[in-house]
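Note that the chains take the letters A, B, C and D in the order they are written out, and that residue 1 is the start of every chain.
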Amino acid sequence: MRIFEYMGKELFNRFGLPVPKGKVVSCADEAALAAAEIGPVVIKAQILSGKRGKSGGIRFANTPAEAKSIALELLGANIRGYLVEKLLVEEKLAVDQEFYLAVTIDEGAKSPVIIASNQGGIDIEEVPENRILKVHTDVELGMYPFIARNIVRRLGLDLGSQHGKELVKAILATYQVFQEKDAVLVEINPLVFSGEKVFAADAKVIIDPDARFRQKDIPYVEGQTETEKLAQDLGISYVELKGDIAVMANGAGIAMSTLDILLHYGGTPANFLDVVGGTDTETIARALEILLAKKPKVIFINIFGGSTRCDDVARAYAKVKKKGSGIQVPVVIRLVGTNQDEGWRILQECGIKAYTDMEEAAAKAVELAVHAPAGSSS
Amino acid sequence: MHQQVVLAKGMVLMAIIVNQNTKVIVQGITGKQGSFHTRQMLAYGTKVVAGVAPGKGGITYEGVPVYDTVQAVLENHQVDATVIFIQAAIAKDAVMEALEAGIGIVVVITEHIPIHDELEFISYARRKGAILIGPNTFGIISSGKCQIGIPPNQFFIPGPVGLVSRSGTLAYEIAKKLAAAGFGQSTAVGMGGDCVKGLTFVEILKLFEADPETRAVVLIGEIGGDAEEEASVYIKEMTKSVVAYIAGKSAPPEKQMGHAGAIIRGGRGTYQGKVKALSKAGALVAEMPSEVPEIISKLLA
Amino acid sequence: MRIFEYMGKELFNRFGLPVPKGKVVSCADEAALAAAEIGPVVIKAQILSGKRGKSGGIRFANTPAEAKSIALELLGANIRGYLVEKLLVEEKLAVDQEFYLAVTIDEGAKSPVIIASNQGGIDIEEVPENRILKVHTDVELGMYPFIARNIVRRLGLDLGSQHGKELVKAILATYQVFQEKDAVLVEINPLVFSGEKVFAADAKVIIDPDARFRQKDIPYVEGQTETEKLAQDLGISYVELKGDIAVMANGAGIAMSTLDILLHYGGTPANFLDVVGGTDTETIARALEILLAKKPKVIFINIFGGSTRCDDVARAYAKVKKKGSGIQVPVVIRLVGTNQDEGWRILQECGIKAYTDMEEAAAKAVELAVHAPAGSSS
Amino acid sequence: MHQQVVLAKGMVLMAIIVNQNTKVIVQGITGKQGSFHTRQMLAYGTKVVAGVAPGKGGITYEGVPVYDTVQAVLENHQVDATVIFIQAAIAKDAVMEALEAGIGIVVVITEHIPIHDELEFISYARRKGAILIGPNTFGIISSGKCQIGIPPNQFFIPGPVGLVSRSGTLAYEIAKKLAAAGFGQSTAVGMGGDCVKGLTFVEILKLFEADPETRAVVLIGEIGGDAEEEASVYIKEMTKSVVAYIAGKSAPPEKQMGHAGAIIRGGRGTYQGKVKALSKAGALVAEMPSEVPEIISKLLA
């Protein structure tokens, strides 16, 4: 779960990593006030996207009037698909040197990794690999100052200098945020030297959504559509796409494969929906209602029962069908696996026959979508 | 049907990691998932010797004695493997309990475990020299011998194909298609769907390479991560054929984990990259799940 | 460094380990007020000693008047050599069962150890060994609930019961105090079941003095004589004894051995003083002044220079000799090791010849003490 | 003088743990203790190949190059051992740095390190398979070959006696007395004065037992703890004679670590108990330091 820059900086502050003096504002007058207090400022649109600078989301103002006019322009604007609701008005630092610093998880090495470069700035991905340090840590050993000292040394800095010492502290603080806040990414680009001090000039922090139960102080950021939010509340994985075949599958792998196959047969999926293992009738029914609300041409349910049980899926279908307006679009159900016989029996009672082969069922769904009456799609 | 594997005199049909003699315990045996899948495992013939459920020690479930802790089980039973059906927030405690007690095979079914917890128990498993399968896996099934986890087992029949998958349902899908084509599996292993994993493709492929029952291996991957690219390096050295299927061809590029993710992966993780790496290593890549049994048919004909 | 029971209980409280309702008082009226508020109470003298109960330091009062009269009796009293300055006035619990619980360090195993018994109470050392659980933890692994569950199970309790669950939590909290507060001992005897709940009815907590720099919230408890405190401030190790030969040595081993040898030759040491390695002239000079202030018959300095350097010791002697009233008692100095030649030279300038053999020097010190004029001893 | 050890053809005089080829680094080389004892070590002939002092990398001290970190040293030198002269509050970081870098012998001179820190680095040393001597030790000296630490080295002359001690100054005392009587030491090891230690008596005794240069071992203990009682168990099996001296005969009983300490020690730790255990195991116990060379004289005459 990504959080806004200003939230990340609040975290940094709490862990002793200096950030530029700044204020979060949500109206232009506040921006002017902040600029009056701080002096020359940088005004940063708070959106969950990179490349803000290139998209005009990062601007400079020397006076409160300038700040106000920039804020008026940015607030409510749409940048890279995101509505700008808040701005971070920050002290404009005199930048002496820029670094890149991140802590994340290296899946292959199964361990945290610290990434650092003395070529910080917006185009870190363009920096040649030999200018980027990657230092893995041992989770049982944990983080130590000596690890940070080696990084600072390898970045070519004097460990005895004020900058060197500050950078050691900054690396330790960054790692601490990563560790204690269940982050999967803490990225600072750039980390800057300004005068004698080190500042995190940006903050990209992603918190492990599975650890939210123990990170209750992390603000919850909604970066999703209404439907995606609804799905998330149900504990299911949902992504909106642009096609006309609504898809439900169980398991990320089979859900992706289902989309691949629909496309293969010439269909276009309306969404990715993984009900995730182990859900019950009620959840699956609500997931089905989410799909119905999208008014697709066809709904394709592709279930291979494992921890998801076929009878639960069939019952969910039956439940939704009996409720309110029922199910008005064609539904193709492919249902095999755990408790499949019971599932089939329930579906049969509803007057629907389950497919057992997913390619066959996908082909049928595409056929139905192609021949659906015009206007039934959303 | 496929040709029988020629066995040396006195040699029994093998499998990897688990077999008909593997003694299994279920941690979280009284929960909804744990109890349901214990019945399934017993029905499949898995030697479930005990269950663990703190506070419920002393009862029996489906004839299986239940204990309060793993240590209490070990005071009364020989145990080779454990399967974890414990809710995500406290799963680490259960995994550590099993590892600390010295259990050599730990299958973690639980999904949504915090990744920092996973890093810790994967690291501890390494230190203890234990095999950790998962987390967020369907488990492992050595066909006809032992099932540990949640796969719907009717499609797993004995045979010459080793199967390893990042996705549970895709593994079932392809196992079913293989079975329909007459090819059973020696062992099917769910690597787990989370971004860090205990056993990885390479480790599992090595076991299949050494297993006399396995004649070919099916590898089921997904976009994201670099497990398939890593696997390719080892596939080059293998004597057995590998058939791969990668899901996610049509998916939009995954939301990036900042620049850091890109730096770590160095451009790996895409469908095209994975297919290229696998093909170059000599694996046969299927475009659709239904092509997998077709390729296997040709290979093992 | 041992802390008072009430301080330990404040720590327990902070870590979520329940303690009986109570108040710390330092006058009898406060004790009466506390009893009025709490009801029937137990009044416990706050001294750094065990066996308070057997020595009358733990008493019961049903009324405020009773509490006052007991407090009057206890405050200012001397129990087991300690002056009673504070009392803990605590709710009298209805005790259903008593446990012993401790976390400490097993030197042999080089690891923490949890000790537990269902035979809690004052005479834990009388409990047969097979009724006492000892569970070592792996410092890299750390503490886990499963470890506590196994302990509770092995204590014969039902893990599903309220008591069982509370005890698991109590063990985890106790371990956390041990771990996070740099304790070398956290001992609760007894830990009691009272109704549905678990309470730490006593608290014996010893904090590692070497970790005081990072445990600044732990109150500093003075359980020493004035001289011992002075020595501690200098960073040297000092214990008062009853003899007439003041001793300074460097290293705990040689200091102990020096006392052994003095006794062997018929002398009686006035103290144990280990200047500890690496001290400088100033510290050694101040240590020597501490010994002089005790007015012994003889001072015996036994130095084998390692990180302590002979020249520093000799300079300290010279410095004290030149200062104020100088040195009025005979001093026997045995000085060998690092920089011994320079040390001998300095001593020679002061008109004193160093011994090189410690037995010979010790014998000389005893001889001088035996023949010292009466009245020159403290 | 003592009889020369008969050596097999081509065999050099040995020692335990360190010898004339041991390449040593000094962590904290620019501090008061570190710089002083580096000079002493160099004067003794110890191969001090580098020093570490964060922020001072690039200078040289007494001809020894100084680096910012251990890793920086290892990029330029082969290293066998390190000696830690780093202040107590941050000593753990330095010890971990050495262990993580893979240095096999770590000598921790620093005293007053928090015991919880010591537990951690001792545990990590065990995991890394490293020898950790100390903390709060004078170090180790293989006479005439290599000194790592702070012993005043003029009394350590080559010879047939292995020496191991909990106390630094008592070790010097007895080494000096032995030297005066004509007995040098193969190696003298300071176990360290803190309540937990890296190497313990038993591990050191085993090395002496196996060392052809060592003909007898002097063990110097103290009251408190149970290291001597543990050592006794192994002394029983040794072929070489052990002479022990225990300090603290006249000390009042130590202030108890609550009941817990008593429970853990089970009555061990007293002077009488230690002497009894050692005597029973066949060790010869000296009443006074001066008796040690007398007993050694008889043994090696």
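Here, a residue touches a chain if its C-beta (ideal position, glycine included) is under 8 Å from a C-beta of that chain, and two chains touch if they have at least 3 such contacts.
All figures in this text were calculated on a predicted structure; none of them were measured in a lab.
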- Considering only mean CA positions as chain centres, point out the chain farthest from subunit D. A
- In terms of C-beta pairs in contact, which of C-D and B-C ranks higher? C-D
- Per the centroid of Cα atoms for each chain, what is the distance between subunit B and subunit C, given in Å? 55
- Item | Length of the line joining the C-alpha centres of subunit C and subunit D, rounded to whole Å | 28
- Between subunit D and subunit B, distance of the C-alpha-averaged centres to the nearest whole Å: 49
- Item | For subunit A, residues that touch 2 or more chains besides their own | 138, 140
- Item | Touching two or more other chains - residues of subunit B | 124, 127
- Query: Which residues of subunit B touch subunit C in their complex?
  - Reply: 54-57, 68-72, 90, 93-94, 96-97, 100, 124
- Touching residues on subunit A, where the partner in the complex is subunit B: 50, 100, 102-108, 110-113, 115, 124-125, 129, 132, 134, 138-140, 179, 182, 184-185, 187, 189, 204, 206, 208, 210-211, 213-214, 241, 249-254, 256-257, 259-261, 263-264, 269, 272, 276-278, 303-307, 336-338, 340, 357-359
- Residues of subunit A defined as touching subunit D within the complex: 138, 141, 144-146, 149-150, 153, 158-161, 164-165
- Message: Which residues of subunit D touch subunit C once you look at their complex with the stated criterion?
- Response: 32-33, 37, 40, 88-89, 109, 111-117, 119-120, 122-124, 127, 138, 150-152, 165-173, 176, 193, 195-197, 220, 222-223, 225-227, 230, 245, 247-251, 256-264, 266, 287-290
